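Below are two complexes that have subunit A in common, paired first with subunit B and then with subunit C.
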Partner chain A sequence: MLRRGLRNVNRYLLVFAIAVSLNFFLPRLMPGNPLALIAGVDVGLMTPAERAELMEQVGLNEPLLAQFFDYWKSVLTFDLGYSYRSGRSIAEMIGERLPWTLLITVGSLMIASVVGIILGGFSAWRRGKKTDLSLLTSMISLQSLPSFWLGMLLISIFAVQLGWLPSFGAETPASGYVGWERVRDILEHAILPIITLTILSIPGAYLTMRYAMLEVLGSDFIRTARSKGASERRVLFGHVARNAIAPVVTFLAIRFAFAFGGSVIIETVFSYPGLGRLIFESVSGRDYPVMQAAFLVFTVAVLVANLFADMMYPILDPRMRVR
Partner chain B sequence: MSVDVRPAATAPSEPKERKRKAPRLANRLGILGGAMVASLLFMAIAAPWLAPYDPAERVGLPFQSPSSEHLLGTNDVGQDLLSELIFGARVSLTVGIVAAVVALILGTTVGVLAGYYPKRLGRILMQGVDVLLILPFLPLLIVLAAYLGRSLLNTIVVIGVLIWAGPSRVIRSQVLSLRSREYVLAARTMGAPDRWAILRHVLPRTALLATGAFVRAVSTAILLEAALSFLGLGDPLQKSWGSILFWAQARGAFLTPAWKWWVLPPGLMIMAASLGFALIAFAMEERINPRL
Partner chain C sequence: MTKRLTLPILLLCLAMLAAACSDSDSDPTTTAGGDTATTQAEGDTATTAGGGDETTTTQAETSEPVSVRAAITGDEDTLNPYTYVSGFPGWNLLMMQYDSLMQLDAAGEPQPWLAESVSANDDLTEYTVSLVDGVKWHDGTDLTIADAEFTFNYFIESATGRFSRDLRGVDSVTVNEAGELVFALAAPNPAFDLVALADIPILPMHVWESIENPGEATFDISTNVGSGPFKMTAYEQDQFYRFEAHSDYFRGAPSVDELVVVIFADDAGALAAIRSGEVDVGFDRISPEQIELLDAQDPLDIAQGPEFTTQMINIDVSKRPFDDLAVRQAVQLAIDGQDIVDTVYLGSATVGSPGWVHPGKTVYNPAVVPMHDVAAANALLDDAGYADSDGDGIREFDGNPMAFEYITNSSDSLRLRIAELTAEMLAAIGIQATVVSVETATWEEAVWPGFDIANGRNYEMATWGWSAPIQANTIRIAELVNSDPGIGFLNLTGFANDEADAISAALQVEADPAVAAEMISELQVLIAEQVPFIMLAYPDGAYVYNSEVYADWEFIAGQGIVSKVSLLPPSARP
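Coming up: the complex of A and B.
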């Protein structure tokens, strides 16, 4: 198990190295002026002297290899640099965005996993019956739902038509709310994004749970439990669910990574000031340094989620502890 | 991600009536998906005859509600929304299908090589596949699209290059089991070069699996194209369903009653297209590996 964990750590380090290298090489290999792609500024509007100064500052005059080392050094020392467009520290920008994204992704994932696990377990237990088949069909349909469209519809219906909930942002601007008032305000703003992300995450949790349950249901020890006269409830909760939960947790960790990435779209629809919205803003504003930094943060989040899944698996599934 | 999160269910012993109902459902869903895809393809091909107006032409006043002249109203510059919807099928389906072809070619090549040479080459290739599967998908898609610039070809390339990893895994596992079958061994013992064994014996037998993976890739690619266009990273000259929604969002159509004719229809189209292919894929996968 230890060896297995270590092998995965190597892989994650490799993924991280590749993400950093992608960040470094993509703007330098693309057609067009690398200065514009790296600093994210309008090169055309600058005088040659300004351009030369910026070249110097960004380090584009140095040999490629030296630039590569410098880039790694800044990444490893958490020196994310400045946004040349807004003049702000990128680390600061990310710091104020990250909590919002965590709020909606973690919130939605918790609801989605409870709903998905219950429905998936139920479906597998009623395998082949009408409830199972209609649940399965609706989950497959949900997977084809365009996420941003769902968000837009929810805004149209609940924020505009019915006027129940706010349609954008994470808080009422300049409201002066404090304490519980503020918490309520934040929750009201988070409800629609969370519902959207939840609806999108349920099918995955459901399908994983259903398959995992089916596999366990077909195994010998379930037959043994049944034949020794254990009640259906005991078989279901004591044996089947306990054994099916491990793959589901793994899935959820990976799903977290996915939902985290999906926040790019959801947060854009809801003008929610999270990390995903930041990546969108930096793309449309051509603020490339911010985009790169946000991409790295996304990568690290995914790796942490995977590492967490690796650590949880042996705890949940004793069979994985041997070897 | 070394843990397989989607184990193939071993078939438990089951009563007879269950056995009959499930495959029937898969078949029915497959036929339904086929019908959806066929009608959307028809719409895309016959667009010039079906659409009442030229979608690029300003044919009315901007922001009009539905009327007998403009069944779905007009957009912010006075183009007919129904015509845009009909012509949008061309862009969305083209990107979806061509990107899936790119993914299929990459996925099959990597999958067959990794399965046929499982030791060194296969290990390295699958390591690459794992890396690609771990990287944060949507952010990477957006970063690539942002650097490459907005064009139809770039959208296709970016999507195709990012979605081949899944299919390649499926094909690899099939090839792994095929390469030790008797007829492959026989061909190799008789001195057939690897190229012959792969092209003649292995590749044809992955066809069914590859087709299933391809259809599923189309379903994914259609959704991704819509997402990219919605974020404003699609081709500015070729309006897909996603770009209609981009403009609806940019002009705040979903904050007015216009959402019923401006926001609702393109989303339904995207969903129908993606679902149509997904249902076909589901029916095919159910044939190969029953999980109902």
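Coming up: the complex of A and C.
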């Protein structure tokens, strides 16, 4: 058991090392130059000497290998560095963004998984019937909606035409709200992004649950359960759902990890100040340190979520336990 | 159960479809008729457009504090002289908090501002400036000549940033016995008032003297002490800025008490917020197809006027076949600028002069006019021996088809349309331009690698455009065509021509404005003949604002409405 655990950890460390190294090289493989971001729009008016001085200030003149070494050093010492754009501490920036992102991503994930699992389970139970088919069709249609389109549509209906909800941001800018008023303001601003993300995430949870259920429903032990006279209710909750939940947990764990990456498109459409927006702004400006840090957070979240799912499997499914 | 579940889902899908349709339907209905905005498009003098007639309504309500919420796209950092990001609207927002010695008036001409008077000696190598009295910093202390002297020397010494570049060629800045500021220049500079005095923010010495290396320092907004009509009281990255009126402002208290600038991630979001009434004015230009749509919606109005940004096609003239003048001239003849103005800009632009200079500028040479003649273009190519020998509709050069990659930046949908349209025009003369839309940083890196023309070029054809300052200061025409990277550092097409080199080098140091104007005239003829790049259009600036909240926007020719002048009472404007 211990040796297996160690092997697992080694495997995760290897994946981590590869992913973190890719985080360094991918931004630098993109064409484009962070100089414009560092120097502002007047970069073209600078003399070559001024440009060289600037590159030296941010360490971009060093050989790539030396930069790579520095990068690993900073990763291992938990030093995320400073943004080219604002000169601010990246850890601080991520700390500011993460709560906003988690509010809308985790909020929508919770709603979407409850709705998706219930609908998926129900659909599988009624497989082949009209309910199942119409649900399945609706879900596949929902899944094919482009996210920016859905977001803009909801803005157009609920903000522009009806004027019920705010169309942008996480709070009313410079409102001076405090306490309960502020909470209310934040929730109002979160509604449209959460609805958008929820609509987009329900089909995933639904399809995973439905498929997992269908597989279990066809197994021999379900027939056995039925033939020994167990009630439908007991079969559904005691046998089918229990056995179908493992893949759904994996799915949710991964979705939860993705929540840390924010949603670049949704946060852009709603001008929401989350991690996705930070990634968007840093990619368009080639702000390498911020890109690296945001991707690092994301990498770690995905790995931790995977590890969590790995560990949950034996608990959820006794067959997975190894002696 | 079946019906209970499927119905809501079906209803949701139907509702979304219906809403999508009604939303897109509204475009064509409002584009018919209405000529409100476009009539002012061709103005070749400075114009004030938009809802000037509504000023009385806002003035009448001045008992209530006026709060204006403005939209920008993209963060501008802490908006001090070393942190603001973009030339527009970053610099404009910076200057809400600071004053310069001179300020542009509605015609775009610099007028004394913090300066009481500005005078220059005969050969334009020495400028003398006296200061107005009674100016206070946001923290209540007095602005003195010592602050001004400190500012210019600080920028000269720190040697990074736009304001240091403005002061290149300044030998010394001192205070004379009469208490006036004296700028000694190494060479005559007729545009010194425009490029330096009306551009550089005066800084408070007591705040900045302790900051030794501003290029490396990190700032919070406590540094943002200026003398301007607004002081920044809050900033949240990627969210908003909040400015409060500076009630002790030396030209009189601003007519707006609070300015909140909201930072959007994209312009679609900003427009939605303007339409929903969450934001009162857009500080980014709106696209031509939005003008009538927004103008038709009450209480939104449009401020529109000529601006000095340019749209052009860059071609690498150092490579075959564009090194051949006949090919460049044929390309220029094949392009119909009027069609671009009509089709892409829906009339809200001025056709590009092939000589670079905007027809609204005093130094514009009226002998240089746009020409469009497909037959003549084809004849030019035929005579130069570029035949289509295999009959595929594409001519050949040196055994290769005249087929080129034509890159444009994906974030600019107007440019993409221009690229598609001009590619069709080129097809009519047997040149195949394949439009490739790439992300902005990639496009920039191809056209202007490392923002240094010494790095060469990695493109064949590209859409391009220069921001307003390059056109506003007509002497900068030299930077576009000189083949010496020291002078022609904006020469992105690899153009080299002895005559252009000689005139542009002489232009940069010419003291006599009449002689300089003559040189600019000659350069326009030369550029139109030699075609270092192809000029397409000068798009108008159009801005949308909510006239119920604030309607007194001033359109500065070539600059637009984003300026402190817009937020001051008319009596306080230059």
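Following the convention adopted for this analysis, the second predicted complex is superposed on the first by the 260 of 323 C-alpha atoms of A that agree within 3 Å, B and C clash if a C-alpha of one lies under 4 Å from a C-alpha of the other, contacts with A are read in each partner's own complex, and residues count from 1 in each chain.
Methods note: a residue touches a chain if its C-beta (ideal position, glycine included) is under 8 Å from a C-beta of that chain, and two chains touch if they have at least 3 such contacts.
No experiment lies behind these values; they were computed from the predicted model shown.
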Looking at the overlay, does A:L316 come into contact with subunit B only (first), subunit C only (second), both, or neither?
-> neither
Thinking of the overlay built on chain A, is A:S156 touched by subunit B (first), by subunit C (second), by both, or by neither?
-> both
Figure out whether A:L102 sits in contact with subunit B (first) or subunit C (second), or with both, or with neither.
-> neither
Can A:F270 be said to touch subunit B (first), subunit C (second), both, or neither?
-> second
Taking the superposition as given, does A:M93 touch the first partner, subunit B, the second, subunit C, both, or neither?
-> second
Pick one for A:L14: touches subunit B only (first), subunit C only (second), both, or neither.
-> first
Just subunit B (first), just subunit C (second), both, or neither: which does A:F280 touch?
-> both
Tell me which partner A:A225 touches in the superposition: subunit B (first), subunit C (second), both or neither.
-> neither
Thinking of the overlay built on chain A, is A:F295 touched by subunit B (first), by subunit C (second), by both, or by neither?
-> first
Residue by residue on subunit A, keep only those touching subunit B in one complex and subunit C in the other, then list them.
-> 30, 37, 129, 141, 149-150, 152-153, 155-156, 160, 167, 268-269, 280, 284
In the complex, subunit A touches subunit B at residues 4, 7-8, 11-12, 14-15, 18-19, 22, 26-27, 30, 37, 127-129, 133, 136-137, 140-141, 143-150, 152-153, 155-156, 160, 167, 207-208, 211-212, 214-215, 217-219, 247, 250-251, 254, 257-258, 260-262, 264-265, 268-269, 279-280, 283-284, 288, 291-292, 294-295, 298-299, 301-303, 306, 309-310, 313
In the complex formed with subunit C, which residues of subunit A make contact?
-> 30-33, 35-37, 39-46, 48, 50-51, 53-54, 57, 82, 85-88, 93, 96, 119, 129-131, 134-135, 138, 141, 149-150, 152-153, 155-157, 159-161, 163, 166-171, 173-174, 267-273, 277-278, 280-281, 284-286
Note which residues of subunit B are touching subunit A in the complex, please.
-> 1-14, 17-19, 21-22, 25, 29, 127, 130-131, 134-140, 142-144, 146-148, 219, 223, 226-227, 230-233, 242, 245, 248-249, 254-256, 259, 263-264, 266-267, 270-271, 274-275, 278-279, 282, 291-292
Subunit A-facing residues of subunit C, complex = 1-2, 5-6, 9-10, 13, 16, 19-20, 23, 69, 74-75, 77-78, 83-88, 90, 159-162, 165, 215-216, 218-219, 234, 236-240, 242, 258, 260, 262-266, 268-270, 272-273, 275-278, 439-442, 444-446, 448-452, 454, 467, 489-490
